[in-house]
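Both of the next two complexes hold chain A, though its partner changes from chain B to chain C.
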Partner chain A sequence: MKRSYTKFLTITVAISLSLLIFIVPYAASIEYSLRGNFGKGHDLTNYLWIFRQDGFLSHLTLSLELGLFAGLLNLLIMVPTTTFLHLSLQRYKPIVDFICILPLMIPVVSLAVGAEYAMPQAIQNSQSELIFFYVILALPFTFRVLDSSLSSIPLKTLVEASRSLGASWFATILRVIVPAAKGGISSAFFLSFALAIGEFTITSLLHWDTFTTWTVDISQQNVLGSIALSTFTFIFAVVLLVSIALFASRRKNKFQQIEETT
Partner chain B sequence: MNQSNVASESTRTRKRVVSKGRYKFPFALIPFFIFVTFFLAWPISTVVIESFKSNSNKWTLSNYGPLFHGIYLHAFETSIRIGLITALFGVIIGGLFAFVIESYAGPRLTSILDSVAAVFANSGGVPLAFTFLASFGANAGLIKLLKSWGWDLYGSGFSIFSFTGICLVYIFFQAPLMVLIFKPALKGLRKEWKEASTSLGGSSWTYLRRIALPILFPSFVGSFLLLFAGGFSAYATARALTVGNIPLIPLIIGNLVDGNVIADKTHLGASLAIGAILIALIAMTGYIWAQRKSTQWRR
Partner chain C sequence: MSSRSKNGSELVIEGLSRTFGTVRALDEFSLRIAPGELVCLLGPSGCGKTTALRIVAGLEKADSGSVTIDGEDLLAKDASHRDIGMVFQSYSLFPNMSVAENIAYGLRVRKKSKEKIIKRVREMLELVSLESKIDAFPHQLSGGQQQRVALARALAIEPRVLLLDEPLSALDAQVRTQIRDEIRRIQIASGTTTLFVTHDQEEAMAISDRVGVMLNGNLEQIDTPNSLYNKPRTPFAASFVGVTIRIPAIAQSKDEVLVLNHILDISSHAPSLKKGTEVTALVRPESISMEKSAKGSAIITKSFLGAMTRIGVDVGLPELIYAEMSSREARKFDTGDKVELTISSDSVMVSNV
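On to the complex of A and B.
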């Protein structure tokens, strides 16, 4: 009896606290972004304003493109790496773990300075240099996600079965591991995708213009418009990641069921 | 009891067999190491080298002189202060959230809250800055509402562009990040420990004070240091919010290498960047120590 009372109290306090701290500012910014011209009434003026800006579509496409490639490159490097770390190369896991936490610790500005000094001109002249640095910046998150996702499936059994049936390593990864760890792999992809789209520091210091840096530029003309844009981006990201999470949790349940029946 | 002993025995022997196995060159890790060397190790080591060079390309220590006095020292102090303050609040608020989610939320709600936290933690950039401009700016509905209730924030000296304002904004990506990194530690607390404590006559408070908190302490320290590093080096939010009125190390480095200033100061940018990395490395050493301590109980 006493227990359920404390539980109720804790939940109430926690919910009201999070409401106060997190929902209120975002609700306020939604309200602000809906304000009409000259502060009169509420309408969609600011949201419509964004779409009419020059460069909206081109910057958005560029960002989506960079995000897509960053996500794919990340998987291309990290899925095999993490797989082998779980199988025969376990002793290298601490090293890889250490390297993957570095981008979280090293100030991004410092990395940007280094990139400007070190990268050969051929790479610096192409926008694709951003993709590589986005992958580096996403490593801490993607490694964690892939690592825990691969621990939750019977990886060793799957690989042994696939290999003993004569599949190559390539086929094993692509046709056994990827479908099995679909949830973790898709959230790793979307994490690096989201990071690439929102990245500002390296992009602006290397003098490139993506959707995010463009947002800052146009904010000098119309703050309300930028606020609308930010609000929109935020809501979009929440909806995307929550639906992925729901999808992933369903996948996980399926595997747990299989494990229970065997 | 017996069974778990047997299980741990068998994993131990298996581990021994694996580690005794002959040395294999990790061919599978080559792509990863090449990538990381080229795009992480190489740029950072170039900064190190450049920071020791003068404009005439000779070895020198003179780039490090300005770090220890004047505006640059002040900027380091401000950045460190902002890192410490926001990490402290982030750890407390985020830790509480993590605790409530971990103890009361079901699996589905947990995974939803996890991804919401991930969005909040990663939106620490330009969108966050604009959101706060909207909710705490002088014209924001919230501020007006508080004013109509008789609490004039801006009248009493608050501004979103001030040191306090920046701290406030940073906490909104620090606390969710704390939720993400602290939850695994909470998951490591075993139910059996609580049961053992209760059956030995301990109250909830005894359990919290003498078992849970000591076990979680290293994780707290580690998370604090990780958040500190993040707050210390955050660039985008500060860049979008401030107009150069608050000296922060990331902003100064950005300005120096952005080409806005005279070319002979780029080496100073490199030495400042190294200074920032060193501070982050101190935090990181502590983090690794704390990580090792905190996994001690989970083997």
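On to the complex of A and C.
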């Protein structure tokens, strides 16, 4: 009896401490960001200030677009790559693993300058070059997530079953592998997307302007506004990622749909 | 069911070879399966049976040889264009799809109309008696049910040939027998030419029209289950199919052998056999009968196996000679009794080893 009480107490204290460490800074930020002019009362003045700033919507939209394309491009490259590494190219896995970890080992400045010069001129001159950088930066994370996700399903059997039933490789990846490894693929997309939206160093080094760099610029004008802005960004990111996750996990029984319509 | 499926297709494999590194998995392997026939490839691990099946399915490449269905060359075709249904050893249902969606998959990739797909899915579910599971997902089904759905999915596309790669090995013994019989019923109902790979001889004997025993990448013998059991042509076939008792014997000529003081015909001829050569006779335990005799050998063990009883007799050899008989007949004998053994078959197979 005494032992279970001690266990309960330990767990409660541990969870409470974790929550405190996680919640207190955000609660403090929210409280601080809601302070009115000259520290009097609490209102939404600082949040309304964000939306009045020039370039808020355009920079936010741009970052979302870049994040979306970076996430999709990452999946487009890495899902077939990891699939074939698991199916028939297993001996190349250590090489791909090494290549994917390089972005963590190479200093960001070298990566930015080196990769910039390796790109065609047309891409260098376009803001879309950031998509490629974001994809490269996300590789160490997405590769590992996809690798472990594909290891947890009977990939070879599923692919062979699909192929023997007449499906092309494209259809097999789209209809069988992607849904079967949905969890890992969603995580890889979110990691890539979140990294792209929050990336500052390379964007700044290459003199491009996204929501992150805009946030840094605008924060220097208003201390309370900058706290409101970071709180807003955090809540926005959480809501966005949860929404995408919920949308991705929603599924309907297609056969029932077919039956209902005929 | 289409007429093609009802009539089945002829599968012809000729001179198929495949080497993995230094291992020759298939060595000029040839096999002809008549339309609507169910042939089992039986053999120990590594004998090449699964490689042969995977080459037919297009999941493995052959070094040489040919595979044709109704005269049409298959090896040049991609796996997705062969019109072959396959059921795998491990559970292969798509986990994100319901039973109905799994069965409909092959039809959907063939862009069949919705009405046709629904009709076919219902037919298949009826065939495997799983109508009530139409909306269930694979994780909600038992192992046996999953394999029945896998079979329905493979048959839904009306394949020219059905390939079964040890489909029962993941199931427990009781379910295995039930699904085995069901596979045979469904195969007969659909009339689909079927190649079944297994290492379980009981399974192979129970459902096949013919059984092919494989060793070292080639067929040792292919025959009906009855002939394979009663007239094995090689010592390996004899020892792999059913239980074989090895009894030391002496050749009397190239046609006769002395076993347990009885002269018997040799069922397969060994040209080099000369009179006096020491050989081993391969005898089925149920072919050994016994009678009580005061001068006979002693019964050492008596094991009740249900309908049959196995009796071990010490005839002075390093190992006991085991005889199997109905438990009713075995009531006459007890351990310690003296008996004389006789071999009730007219001929035995001999091995030089």
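The working rule: the second predicted complex is superposed on the first by the 208 of 262 C-alpha atoms of A that agree within 3 Å, B and C clash if a C-alpha of one lies under 4 Å from a C-alpha of the other, contacts with A are read in each partner's own complex, and residues count from 1 in each chain.
FYI, a residue touches a chain if its C-beta (ideal position, glycine included) is under 8 Å from a C-beta of that chain, and two chains touch if they have at least 3 such contacts.
A quick note: this is a predicted structure, and the numbers were derived from the prediction, not measured.
In the superposition on chain A, A:162 makes contact with chain C only, not with chain B. Applying the stated contact rule after C-alpha superposition, one finds that A:152 touches neither chain B nor chain C.
More residues of chain A are in touch with B than with the other of chain B and chain C.
By the touch criterion defined above, A:45 lies against neither chain B nor chain C after alignment on the C-alpha atoms of chain A.
Once the two complexes are overlaid on the shared chain, A:80 sits against chain B while remaining clear of chain C. In the superposition on chain A, contact is made by A:133 with chain B only, not with chain C. Contacts of A:176 after superposition: chain C is touched, whereas chain B is not reached.
Taken together, the two complexes place no residue of chain A in contact with both chain B and chain C. Across the complex, chain A meets chain C through its residues 153-154, 157-158, 160-168, 171, 175-176, 179-180, 182, 251, 253-256, 258-259, 261-262.
Here chain A touches chain B in the complex through residues 7, 10-11, 14, 17-18, 21-22, 24-26, 28-29, 31-33, 77-78, 80-81, 83-85, 88-92, 96, 98-99, 101-119, 132-133, 135-136, 139, 191, 194-195, 198-201, 204-205, 212, 215-216, 219, 223, 226-227, 229-231, 233-234, 237-238, 241-242, 244-246, 248-249, going by the rule given at the top.
Only residues 18-19, 24, 26, 28-29, 31-32, 35-36, 38-40, 42-47, 50, 93, 96-97, 100, 103-104, 107-108, 111-112, 114-116, 118-120, 122-123, 125-136, 139-142, 172, 175, 226, 229-230, 232-233, 235-236, 239-240, 249-250, 253-254, 257-258, 269-270, 273-274, 276-277, 280-281, 283-284, 287-288 of chain B touch chain A when the two sit together in their complex.
Here chain C touches chain A in the complex through residues 57-59, 78-86, 88, 90-92, 94-98, 100-101, 104-106, 109-110, 114-115, 117-118, 121, 134-135, 150, 153-154, 157, going by the rule given at the top.
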